[in-house]
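Look at the two complexes coming up: chain A is in both, with chain B in one and chain C in the other.
Coming up: the complex of A and B.
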């Protein structure tokens, strides 16, 4: 049995890679690719008459494979299916770090799942509150209720949009410039930030379109996403590369934090760094840059 | 007697000056007496050397009992020629006690496996042994132990007279009526004929078998008429579909790509990665994919590859055509892109096996190699590699140029997944040592990178570049923790194959495998 440390609600989640929980060959060592979180799927990837087999495969993977620092999340079946209750029991019994609620549309959906998770934690003797939650918004209603969903539980660490279903509901299709989901992404981001949780973008499905993938990841970063869902290990590297702060950004952030600490100790509130006016409003951003740089292995200093 | 890689070599093999493996470069500086062939004079001008049948050509070349034939494997699994020749010798001439000295033998040569079982073929010397021949030799059915040599060790042994070729057979995609041979221009093209070159120079007799007779002179010739006794035209020398695959595709397997990327990272972290560096890679998934990632680093640093050698396939030809590599020199071509490029694309040249890898000559290409990327069936904690025997102890592989490029290069990188099915690739002791650990520098697996402690300089390079690495022992433990530790293989005493190091010393032996029985506890 592999004991997993208590999951951290807020940690680095640049990449979340989906894989079919029923495929032992895929899930046995999915951590080797360096992804931040793996998303073991009990929902769409698993055929309707294979849900049980997938749960067995998932349970044994969770119990016998050492995923190390890689976060292990499970996507359960929607609340409109006969599967989700048993899915929750198996996730909790196996000790998954978190559960992704598919097709989440309201705060009540989150609370319903939370109640079952708590019951399962009690049933299997798992520390209460250990199992984290995130929600996938896949419909216009989910997007409209994004804020109440994000704020529905202390277990919630983030929210993600699921492009396939959402585009279907909106009667639109993938557009290279992202205009098809621009408003939804924006609204979800605002809600997530307002509720203080993380926010993740949908998958990019055309593995051969390297240009298009790069463009989407750059737009994700520009919009302020924390990370992205992936379908293939070869998509990992680009996200980590583009989401990492640049050397220039790191040096600048270091200067700002260091100058702020020196100046404020001397009683100065506003000062200049490289000719630019700096005050306390810049500090959280600079500190976040350094924390991200450290998580990416690019910063070894002691300011954060 | 135990050798430098800890293998026990039976004394009966250590006669006539044969020694056990002593370590890398042991023979350096010693002298070699070359063994010249005894060849027939063709003083009177001949209109043509065409002979009706292979049997007739064999008769003309004085084929008799105890004869040693040499074959080359450029036609790979599509080869018809080795079978045709051995069959003609046995069925039409009634020859016995044949030794087959080939550059590689595989599933195309099951007929020869039959002759081994019948006791007609009594000796096998090769750089690769697969298919049914591997099985029958492992079952102890060959009268004398097979001798396995690397691609460089083979021309060394030929030049030293350790193997004397009575009749060398050249399977030629094109030939003219006096025996000038080329690997292109016909219907069964294979590109380079590099492995046949040394054989033709050192054999007493040379027979060319072709399925495309062309006008004299067939130039530039890979094997020259001055060494050829007879030319036989047959319907087909091989199955083109199995000779050269369509363009070799770079793997899309994410595991292969991840390993390939790490190989490129390691290469780029060393001081040898600079303008004009030299490179060889295999055609396996992650080895070939290394090309792709290496190109990115070359572009980033704005440097070009000076030259590449090897068995060559499309992706390297592509780099040559893009001007990112100065010269490509090869002994063998693996796909149609390479076949169609050799001697056609400027700066794409052919070389002989001796020029490629022979440790006893005065300037093999491998000795100037900066990097080689190689695969492995197994690698042990002493960095010894096995590319010959399967996990069941049966012969099913090919040292090929592996030990030569590993020994010659400045940085030898082995790339392999940590496990294959239920087998640990990184293990305590390899079944057979085919490349000694003192020639292997870095191991890249899907679970991490390990550097040979003999190379503290490379460890420093990786550290400086921030490339994480672990000990090979920890990789072995990880492998065993995933798939379990296998029981030791059970052998009988009989030696079925001798594995020569490239310098001619004995690196390891393969014994007859004991059939596996499950014991009750």
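Coming up: the complex of A and C.
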């Protein structure tokens, strides 16, 4: 039995890799890849007649395998299926760090899952409030209701868009410049930031298209995503590389934070660093850069 | 639990195993083949029998074809096959109780 530490609502989640919970060969050593979170899947990856077997397999994996610092999230079946209630019981009993609600469309969906999670925590003697939640938005309705979904529960740590289902609903298909999902990604990001939760992009499914993958990850970073969903270990490195702050950004952030602390102690509100105007509005961003740099092993200073 | 009808769980993929349970009358009749028989045959057999014992299965014909599964997978597949044979595999599982 491997007791996992209490999950942190906000932690580094640059990469979140899907794995079929029904396949022992995959889930037994998922922690070796250095991914931030693994997403054990009870939903689409598991055939309809193997949902029961996947739960037994998931339960023992959660209880037996030491995933170390890798966060363990489970994607449960949608609320329109006969499976989700038992999925929640097994996640909570097994001690998963969090649950990903598939096909989430409203705050009520989140509240329904939350109520069942709480009931399961009581049933299995798990600390109340321990199990975190995130929602996958897979439909136009989900995107339109993004803010109420993000703000529906104190357990919510983030929201992700699911490209396959969303494009299907919109009667569009993958486009290399991202124009097919530009508005949806933007709306979800705004909602997530407004509610103070994290935001994750969809998977990139063509494993042979390295150039396209790089372009999408760079766009994700530029748009302000916290991380990306992945389908293969070979996708991890690029995200960690591109999401890490550059040396130049780290030095700049360090200068800004240091100068701000000195200047504000001296009673100055606005000043310049390397010729650029700096005031209090720049400080959270600079501090975030340093925190991310520290998490990536690139900063060892004491400013954050 | 009483094995009511034949049931199967698992696959023949690497790191997995396939467990078949059928109604029996003379205790547990276990037939085991494994790709790692020489190294782990005894341990696999012990895990299968312990799991059946935990589920209070007294009489059953059990066929296991192992492809190098970990203990946690062996337990999961045996449990699922037994629960399926009683049509109880879908909900209200006793996680952390009988299943542990």
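Details
Going forward, the second predicted complex is superposed on the first by the 304 of 304 C-alpha atoms of A that agree within 3 Å, B and C clash if a C-alpha of one lies under 4 Å from a C-alpha of the other, contacts with A are read in each partner's own complex, and residues count from 1 in each chain.
We take it that a contact is a pair of C-beta atoms (placed from the backbone, for glycine too) under 8 Å apart; a residue touches a chain by one contact, two chains touch by 3 or more.
None of the values given here were measured: they were computed from a predicted structure.
With chain A as the common reference, the superposed partners chain B and chain C fit together side by side. The superposition places the C-alpha centres of chain B and chain C at an angle of 60 degrees about the C-alpha centre of chain A, rounded in steps of 10.
After overlaying the two complexes on the shared chain, residue contacts for A:86 are found with chain C alone; chain B is out of touch. Legend: residue contacts after superposition of the two complexes on their common chain; A:52 is shown touching chain C, with no touch to chain B. By the touch criterion defined above, A:32 reaches chain B but does not reach chain C.
In the superposition on chain A, contact of A:209 is made with neither chain B nor chain C.
Using the contact criterion defined above for the overlaid structures, shared-chain residue A:297 touches chain B, although it does not reach chain C. Of the two partner chains, chain B is the only one touched by A:234; chain C is not. Contacts of A:23 after superposition on the shared chain: chain C is touched, whereas chain B is not.
Looking at the superposition, the partner that touches the larger set of chain A residues, chain B or chain C, turns out to be C.
Superposed on chain A, the gap between chain B and chain C at their nearest CA atoms measures out to 6 angstrom in whole units. Applying the stated touch rule to the two superposed structures, the overlap between the chain B and chain C interfaces on chain A comprises residues 28.
Put simply, chain C touches chain A in their complex at residues 9-10, 13-16, 69-73, 75-77, 79-80, 83-84, 89-93, 95-96, 99-100. Here chain A touches chain B in the complex through residues 28-29, 32-33, 232-234, 237, 297, going by the rule given at the top.
Contacts from chain A toward chain C in the complex involve residues 23-25, 28, 51-53, 55-57, 59-61, 63-65, 82, 85-86, 89-90, 93-94, 124. The touching residues of chain B, counted against chain A in their complex, run 254-255, 257-258, 261, 446-447, 466, 482.
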